[in-house]
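What follows is one structure encoded as structure tokens, with my remarks underneath.
Chain nomenclature is as follows: A, B, C, D, E and F, assigned in order of appearance, with residue numbering initiated at 1 for each chain independently.
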Amino acid sequence: MRILVVNVNTTRSMTEAIGARAREIASPGTTVVALTPAFGAESVEGNYESYLAAVAVMETVRAYAEPFDAVVQAGYGEHGREGLQELLDVPVVDITEAAASTAMFLGRSYSVVTTLDRTVPLIEDRLLVAGLHTRCASVRASGLGVLDLDRDPDAAVRAVVDEAERAVRDDRAEVIVLGCGGMSGLDAAVRARVDVPVVDGVTAAITVAEGLVRQGLRTSKVRTFAPPRSKSFVDWPPARRDGSGVRTTR
Amino acid sequence: MRILVVNVNTTRSMTEAIGARAREIASPGTTVVALTPAFGAESVEGNYESYLAAVAVMETVRAYAEPFDAVVQAGYGEHGREGLQELLDVPVVDITEAAASTAMFLGRSYSVVTTLDRTVPLIEDRLLVAGLHTRCASVRASGLGVLDLDRDPDAAVRAVVDEAERAVRDDRAEVIVLGCGGMSGLDAAVRARVDVPVVDGVTAAITVAEGLVRQGLRTSKVRTFAPPRSKSFVDWPPARRDGSGVRTTR
Amino acid sequence: MRILVVNVNTTRSMTEAIGARAREIASPGTTVVALTPAFGAESVEGNYESYLAAVAVMETVRAYAEPFDAVVQAGYGEHGREGLQELLDVPVVDITEAAASTAMFLGRSYSVVTTLDRTVPLIEDRLLVAGLHTRCASVRASGLGVLDLDRDPDAAVRAVVDEAERAVRDDRAEVIVLGCGGMSGLDAAVRARVDVPVVDGVTAAITVAEGLVRQGLRTSKVRTFAPPRSKSFVDWPPARRDGSGVRTTR
Amino acid sequence: MRILVVNVNTTRSMTEAIGARAREIASPGTTVVALTPAFGAESVEGNYESYLAAVAVMETVRAYAEPFDAVVQAGYGEHGREGLQELLDVPVVDITEAAASTAMFLGRSYSVVTTLDRTVPLIEDRLLVAGLHTRCASVRASGLGVLDLDRDPDAAVRAVVDEAERAVRDDRAEVIVLGCGGMSGLDAAVRARVDVPVVDGVTAAITVAEGLVRQGLRTSKVRTFAPPRSKSFVDWPPARRDGSGVRTTR
Amino acid sequence: MRILVVNVNTTRSMTEAIGARAREIASPGTTVVALTPAFGAESVEGNYESYLAAVAVMETVRAYAEPFDAVVQAGYGEHGREGLQELLDVPVVDITEAAASTAMFLGRSYSVVTTLDRTVPLIEDRLLVAGLHTRCASVRASGLGVLDLDRDPDAAVRAVVDEAERAVRDDRAEVIVLGCGGMSGLDAAVRARVDVPVVDGVTAAITVAEGLVRQGLRTSKVRTFAPPRSKSFVDWPPARRDGSGVRTTR
Amino acid sequence: MRILVVNVNTTRSMTEAIGARAREIASPGTTVVALTPAFGAESVEGNYESYLAAVAVMETVRAYAEPFDAVVQAGYGEHGREGLQELLDVPVVDITEAAASTAMFLGRSYSVVTTLDRTVPLIEDRLLVAGLHTRCASVRASGLGVLDLDRDPDAAVRAVVDEAERAVRDDRAEVIVLGCGGMSGLDAAVRARVDVPVVDGVTAAITVAEGLVRQGLRTSKVRTFAPPRSKSFVDWPPARRDGSGVRTTR
């Protein structure tokens, strides 16, 4: 099967890291295609950027020409998953939800450790809307920006471990979820230092997506995710500065 | 004061109707500027279109060159309000929330009567995220598309009245909220036929926005709605097909 | 239009301060009538006094002989608003709810800073019943009694600012609500010292009430707030010690 | 021990019926004193009357000169219990809560069958505030006024049985609670016709009150129910028309 | 009447202590029969042991040959009450629920002080399932194992008092519930040192059970607690090592 | 990897059907071992039987002598998963939760279609405790007993399809979950007749369990699922009638 893994920001090194992590966990026979949105912000750390990412991810997937079996949206706490589910029949898995759902099989409560404090409310709201919030002990910020993770992974691990320990001790978390697509791959280092399970959203989402495809399950089309109605659009999708339409970059 | 009232779709006649309704209720001294997004769908009836509208409204407001005191987002149940709140210091009022909040002063529970069934979940989720859901008795669909409202207002009134009556009788609603920006102006006709208060989101939002401005209140910037961080964007904002940048149309 | 603003305690200087604040924010053309209940406690700081205030406010409004367009109940967290809504057709706005509703337009969460710790549960329960509790981060007590506010406004500001800062830092509040009618007018001084929006319940309620009246909206009469049934009463309303009936004092 | 059972309306025949039912269930050694408020409405069927009853019950109990061990407030869904808890050290048991709590020991969910539809919201709100709502399947109205119960007990039983059967069939109630002090004594007749347990609030409250007294338990005074602070009152308690103060009638 | 009080562990001295406490509070005319399960763990401090206790208590009650009027399950936060309710017509009262329900009559919120931290989640889940969680301020662990309570009651009192004080100060608890059957009898000593009401689950359950019996109330049989269907069992109930069937020990 | 799939009842033909279904979906390299409890009921349709099954499954897994990588508990809405998680380090996946979690990736809401009405509350409570209830539209009973499924699969499909259609139409379900281990294998036939995704708990659980193992994730041991403390047991595990200990049957 072929799974598209779509980064939410335009930083290609991050797309590559996410793709590499996805390929490590994917089953034999699964092809992972990692995509970078054709437009948007270099990192997503707030609602403005997140709404833009939602649209960019949708257009990026729509512009992808080959067939595929599932899509993973690899941004933690971002908007947009519902739109992809309208546009597609194949399963759409958001790493926010895949990680939360996975954590709930491992302990009675989980905490998310994310980047900046300003992204905490986005994550909380996305978990609320997904109905996965009741066993969430806390969402904690490490204080690192998304791009800091790339620049100094050791510092990132230390900051994440510090918050993870506080979550276990003060919030009674029993599982830690890495709350940023850019943290994908840090899980081994974090696990080595905390004594609770650590969930990586990207690997969680790949196994969930594979499981759905193997079971022949697709998105329900009866109501919320029915295909968009046929209608006119003004000036959309956007022309690129070079005059062509949206193109994705892997 | 000057209040921007931004339609979420690109149908200018609807922008005009919304603007006219806003001006009717506005206080002396308030200037209402009605804006049509520079890109997007002719009507918003699902998540894909709603996410696109969120971004289009944000870029439309950013491209508006004059000073203003508040923004009203005139789409019922649409995404995006949080992004505007990040971008702006002045109050941002979504008609979904203004109408719900207004209804809660008039009766113990309210029902929303909207257009298509597929938009019901969007509205429910937006009310949930806003924390205004606990006194919502139901969100009901009249079965009419957004553009149908414009084409046959009499039929729209009949369909809305039918669902309003069901909401009062079966769901114990005590107040009815008109759940579509395009229904703005139907409230008088609906009120004439149902014996509970009927709330129009546009007029509710204008009075809320004026009240906030008069009290000197602005969006909190300490956390969720802090201004976006400075960063690079790829291919955004979009070039228009004619080569220029985003321009709003009133 | 004419709006009655009813204090919940019998301290006339507090009625005057509330009335003054209401007149400052009221639109041209709005007449504010501030009323003091004809009986009750000099300050309301608990359930016994609050229930008594509920009844006193109702009788005071019933005894008011002139026509009016809306009523504001100017006690924070007090009982009684539902009874007024039964008795009247015009809108009834409780400052507890107006302030909470206003705060929710300005930030993702709000905290209330009130007087004594013993009144915290009353406020929490009123917000719960009103359905405005889910975005309430905390209700905090400054430790000052209601009458202390009057006696030493500087100390009151300091105590409120201290708790406001704790609410922002520890409870993640993004907006502060002044949780006592007697704090009305302190908002400017508090705002000068904290960097989040500060909401005054009295001004919030006046703008809400004006907005409802301008929209022609009245209390729903279909169920919860239907007029009381005709029936016999024993020894009520109370005779005054001088033998006359209930009379309000402005 | 001596238990005061206080009716919420001024209809003495109803006080007598409630007192008789209480005495039937009371243990040997328990003295039941049934009191009628000195002022108020002949029946309580809405918020105005209920707030008035709250105050009347409080003054009635304060005016009672003999020592007592517990108070039962015998109105279903009425305001006021929190005020009594402030004024007294001995346990205060509201029949609304005693009946709900009792029902929860007998089945997974319960429904309340009350009098008029307009009182349903009062009951729902009181259960919410008491934290006893999550296992409440529904509150249903029989359509009978409070005084109708007295006038035609047979019709009352039929109306209650009809709604009880609907609650069991449609709302999945497993236990029925009689939702009016005036229904006390109908439980045997209702039980004979429905095949689920039927709880009478008055008998439930008497057994709860006796149990609390036997265990030496009293109302907590640390916060919510701390005694009222010493302060001045204007024109309260009310003078009676004959010039004397509040006197209770048994 | 005869009430069976069933310990959840196999430690007979604890059964005796529970039985003694139950007899102290029981009314004249009530016979308390204290039973020890025929199999299971010497103390119940986790899910494995609690599920085993659930089954052991059920078989113990089934094997009891004499008639009885009610059953009290004397383990705090343990599984199994629903099974007993299926098997029996008479009321079944779990001390977890009886204590919570009792506490809710005495203050606005309560905290449970239990033994080991690992049992806190069991108690929280049982209160959630019973619908008695919304007024629970916290469940706190004293750090003592169940059998430690027996060995050093003075140390147990000190540890419970410490946590009770934290619950009152930090969690705003107004009532303390002793969260272990083995704490039964410590309430007097704890009460002497904290200034809020202290509820003992065993005495609470006895008074609740007596009250239900006196009112002629029995478990609802229409749905959740309908008698088990007739069916075949493999190797159950268990043979005892000596070859006989389940026998209870008092 | 080796996954134990444990039936909750003692009917071996059902164990075989569940095992067959599990093997169909399992990845190459996964060995599925289907176990029948050594004791218990031939079908589990209520709390008594479910508590017994919880204990029987635990003892069955403890008695299994070979190493294994994960356990699937194949009963819908049954007790016991928490106990297995204490006893084991490897992941434990309950089909109730795996199916709910899977359904939530496919639509905004799901309904469970189960066997008898009396099992509905068990399922609702298990979903509540797992924190997977907020997106559950309804749990519906087909009216068939567990063993009826085996006897007449065609009638079972018809009954399930009927309720599934009602759930989609009346409860707004977007996904259907088959709510009984014994329905495993009916999903293809049900899917052919309803136009929403149909989730089989057994296949969902196998893919979840494989995903957890592939990610190297194990049950958190810091609190709720810490290993049982060392202690004495009386007469447990049970002797079999032939004198030997618990033995599982595949």
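Note that a residue touches a chain if its C-beta (ideal position, glycine included) is under 8 Å from a C-beta of that chain, and two chains touch if they have at least 3 such contacts.
Because the structure is a prediction, the values reported are computed rather than measured.
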item: Fraction-based call for subunit D against subunit C, same above half, different below; value: same
item: Far-end chain from subunit F, centres as C-alpha averages; value: C
item: Longest centre-to-centre distance from subunit D, chain (CA-based); value: A
item: For subunit E paired with subunit F, centre-to-centre distance based on mean C-alpha positions, whole Å; value: 29
item: Computed distance of Cα centres, subunit E from subunit A, in Å; value: 45
item: Of all residues in subunit B, the ones touching two or more other chains; value: 108, 121, 223-225
item: Subunit B residues touching subunit C - in the complex, by the definition given at the top; value: 25, 27, 91-93, 97-98, 101-102, 104-108, 130-135, 168, 172, 174-175, 195-197, 199-200, 203-204, 207-208, 210-212, 214-215, 217-225
item: Footprint of subunit F on subunit E - complex, ascending; value: 10, 37-43, 45-52, 54-55, 58, 79-80, 82-83, 85-87, 117-118, 120-121, 125, 128-129, 145, 223-226, 228-229, 231-236, 238-241
